[in-house]
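Here chain A shows up in two complexes: once beside chain B, once beside chain C.
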Partner chain A sequence: MSGNKEIKNLKAFSTAAERFEGSHVLCPGCAHSIIVREILNATNDNMVVSASTGCLEVCTAIYPHTSWDTSWIHIGFENSSTAIAGAEAMNKALRNKGRIPADEPEPKFVAFGGDGATYDIGFQWISGCFERGHNMMYVCLDNEVYANTGGQRSSSTPIGASATTSPAGSTSYGEKRNKKDMLQIMAAHGAPYVAQVAPNKWKDMAKKIQKGFDAEGPVYINAMSACTTEWKFDPADTITVSDLATDSLVFPLYEIIDGTELNITYRPKNIVAVRDYLAAQPRFKHLFTPKYEYLIDEWQKRVDAQWEYLQRREEARV
Partner chain B sequence: MNSKIMELNKVEVWDGNMAATQAMRQADIDVVAAYPITPSTPVVENYATFHANGYIDGEFVMVESEHAAMSGCVGAAAAGGRVATATSSQGLALMVEVLYQASGMRLPMVLNIVNRALASPLNVNGDHSDLYLTRDSGWISLCTFSPQEVYDMNLCAFKIGEHMDVRLPVIVNQDGFLSSHTAQNIYPLQDKEACDFVGEYKPLNAMLDFSRPVTHGVQTEEDWHFEHKAKQHDALMNSTKVIAEVFAEFEKLSGRKYNFVESYKMEDAEIAIVVLGTTYESAQLAVDKMREEGIKAGVVAIRVFRPFPLKEVSDMLQNVKAVACMDRSAPGGSVGALYNEISGALFNSPARPLLSNIIYGLGGRDMTIGVLCDIYRDLDAEAKAGKLNGSIQRFVGVRGPELKYYKV
Partner chain C sequence: MSKSIHDMGWDELVLGAAVHSFKEEIDYNPSQVLPENRDYAETNSKYKYVGDWRVFKPVWNTDLCIHCQFCWLYCPDTSILSREKKMIGFDYDHCKGCGICQEVCPTNPKSIIMFTEQTEEEEALNQWPEKKGSK
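And then the complex of A and B:
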């Protein structure tokens, strides 16, 4: 059986065959494993998976153990995209030459990277892969920080967050720059499909992953991955914090098809305040002081403006 | 074999870059991921042209940097097929990280390095600073001295690296411009002959074999890393057997004999220089001139730079009185790499020739037959005096005050 896997409910999910084994050493409450598992469970097809150096890699492939019951490769920090592109090119070559029989179903090629590997050090490699149009899916596990090495800032770290290389202090509110907008950048590459997903909205996510698998060409998925260790919330609260992220619209869930057709895929019934999302994470606790309260107001305005922009884009179809 | 055959003349006129590309074409590579850089650019251009004209059945991926080129090669090789690329100098420097990953993951592939100086100052001409940058990378490293050898070593490289007892990546070095852009007569094999020699690619732990999922590029710390690196070194050291077999098989096919260490008139030589690259050919002419002057000169050239043929070099230098190790790379605060290797090779042997280190030819500075003759005359004088002339290391062919180091 090949193609998309039909998943009706969470129970079906929990009993679906797993190619990502439960045995790994990711932190309790880490969203990475939820996301990876959902992606690997979205298809019945064979998969070649790559991971950049980072939490996912160091926690799932510690010799002599592996958590991967599928073809898997890690090369370096910056090149999980190009590693999978190389494998995809080899697949094409071997099929053209008849060394892989034509009736053997096409496998899926999926690269994982953290936001450090995606927004920062691996940006060029991803851009190259998308420009060349490899048939692959790149998934950014976006926890807005270099979590594997103890919480240094990346260009995904949002303004006001305290990270070890942009710490909040008596003269600083922490990170000074706004988060880079990767989704728009990847859409601008002419990708047939890009989408933002979150583990708390698992049906939305499964649908988008399957849409991505059905697309021809490079697909970019930005997956919000709430980080219990660096966002400093209780490990039991991963989904609660994820709900706050999507319901406050800090992480709006949407997709862009062929660079133009933007669809908002989740509209919260009750939009919660950005303040509530920030308050759930001690990485922002210094903002809740008279000196820095204005940053929370600014953030709310940015989120409102972004939401307005997305709705207008959705309507305008440009 | 590629579906479209290129009929070749018995003698073709190719430069080193074309020689490399023709061998790559004949090897029926599955994936080439490459990025152009002077002086290896024509390898990538030639390959693209072959591809555009239907002579290549495999995939040709023009990536956005040399780091990506090697990353793509690693991904493709792990997927399970034949892989190659080419680079030089800064490009090599950019891909060094992935060189270690390719060898550590035991992935056979062929990398043509058209040797060029490393900046700064920026320089496009030939020296061996990029070759030396690969010294500890765990790749087999073959040296060539002419376009014919570039062609021959490329065919051998695939066969060596892909052998089940080896499974390591292989570098083929050639001098930038002196070999890469110098057209010479080449005696190629016909496509079928060449392809049959290289043989079919045999996959091992292929990612595209889904019946047996494999995890490539794992994490190891102090508990397992050492064992992995030790096994890797062991494979590299033991590759000599396969290298010798492949050289012998190639000789049977082509009539051209290759050795781990090449030499000219070393049988009765009293003084010798040890070189890499095209200097070997110039040195042979200098040796003939010296012989006319009654000086028994010889030259030794390293063919297999890694694994380094310690014993073969030592054996060759047992009867000489003075040896100059010629390093075409800025030594960076020590003696040159060849000097290091040769002194190491000789230390546990009975021979104690005078051993000096000459730094020459940086950034493409010519090494002429005249200068080589001067070096031989100096060596002869040292041999006769029974001691080095003041220092172990000196720079030859550089303007300004004389540069000598490690006074003796």
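And then the complex of A and C:
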């Protein structure tokens, strides 16, 4: 039986008994914790959670304290996926042997990793878990940078962003390569469910998380996590910047079921210009100089092309 | 255990050490029990204080609030307290003063406004701005 919470509206959602405690040391305004709260609050089931090294892990497990009212495990940077896959496999084995009684409710197995842990360093471990078909949810907290070690670029960092290892200056516009498309890659594993979510679109996100919890097999969630420190906006603006991201279609919200059935789940009423999204974040401020301004048009064209592609995929059902 | 975990250094931990969220074992699922009714362990971060991170603090105007819960939803520090679909106040031990709650509050004027940490609540409420854009 699924322990998904009934979330008719925001007031109903707010009756959730929180399982993520305060006095973690994430930055003021950090979206990681908003995402975690929205996920934990979507289910009533017991949870087994893991986290890769990164802001979320480091800041919620300051010795000798924990911010988690769930079972929680940390091993290393690259293996939140395999840690949770191991727990899931053990649960299955102990149930088969009758050492966990059949009437004991099944917990949800959820792994969290940053984009560094997901797109780069933990990639082969995640791929292995998906190939083996563990019953787990992997959530990437995608802030497009190695935030916890001071802002190095990852393969999720988008073109033109200034990062400490791809700094913008007189001879460079910052990151040179385009962001890797993790959602398509995870869908290509034949996963029953993959989705891109954003915490500012909370209803869409809750629906997808619950769909993910109901799916049999490995589920991948790419969660946009606006990072006040590395994207360099005011901490009060986390939701405002997130709105610009989803409404400019830089972060389109969609899902792919069984590797083929693509559904766009959010169509902004008023699509905002990519320029406005970039302008809100000083990591892109050098793009607003005559030398690099051409990149803003390129950005817009890329986002338009991606949106066109997603719509055609949705229509074609392949 | 002979030594309290607070007196131990990290190098005294054994591999695979565990930190407890709750006292002993609990026989309930925390998703079914509100925080005020749980048996937390001293090692739960909720007993730490980060209120001194704040430069600005949120102040709440109960007369204007429509209990929409946007502030509850988007607070990164679990510091908006809501019970039975009503906002009931802030948890100033855990609030870091980010200002998201003010930003997302939809009322006009805002029902939450950030004031400098030293401002008394009454003083803040006396300075509340008028409705914007009304003629």
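Quick note on the criterion: the second predicted complex is superposed on the first by the 311 of 318 C-alpha atoms of A that agree within 3 Å, B and C clash if a C-alpha of one lies under 4 Å from a C-alpha of the other, contacts with A are read in each partner's own complex, and residues count from 1 in each chain.
To be clear about the criterion, contacts are C-beta pairs under 8 Å (C-beta built on N, C-alpha and C of every residue); 3 or more make two chains touch, one makes a residue touch a chain.
Keep in mind the model is a prediction, meaning the values are calculated, not measured.
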item: Side-by-side fit of chain B and chain C on chain A, or clash; value: clash
item: Contacts of A:Gly76 with chain B and chain C, given as first, second, both or neither; value: first
item: Which of chain B and chain C A:Gly217 touches, first, second, both or neither; value: neither
item: Chain B versus chain C as contact partner of A:Gly22, first or second or both or neither; value: second
item: First, second, both or neither for A:Pro167, with chain B first and chain C second; value: neither
item: Touched partner set for A:Lys97, first chain B, second chain C, both or neither; value: first
item: Partner chain(s) touched by A:Trp68 [first = chain B, second = chain C, both, neither]; value: both
item: Which of chain B and chain C A:Gly133 touches, first, second, both or neither; value: neither
item: Which of chain B and chain C A:Pro235 touches, first, second, both or neither; value: second
item: Touching partner for A:Gly259 - first (chain B), second (chain C), both, neither; value: neither
item: Shared chain A surface residues [contacts with chain B and with chain C]; value: 19, 46, 61-64, 66, 68-70
item: Interfacial residue positions of chain C with respect to chain A in the complex; value: 5-6, 8, 10, 13, 19-22, 29-35, 38, 43-50, 53, 67-70, 72-79, 82-85, 91, 93-100, 102-104, 114
item: Chain B residues touching chain A - in the complex, by the definition given at the top; value: 30-31, 33, 57-59, 61-65, 67-68, 71-81, 83, 97-98, 101, 105, 207-210, 213-220, 224, 228
item: In the complex with chain C, residue positions of chain A that touch it; value: 3, 10-26, 28-34, 37-38, 43-46, 60-70, 199-200, 202, 228, 234-240
item: Residues of chain A touching chain B in the complex; value: 19, 46, 48, 50, 57-58, 61-64, 66, 68-76, 78-79, 82-87, 89-94, 96-97, 99-100, 107, 124-125, 127-128, 131-132
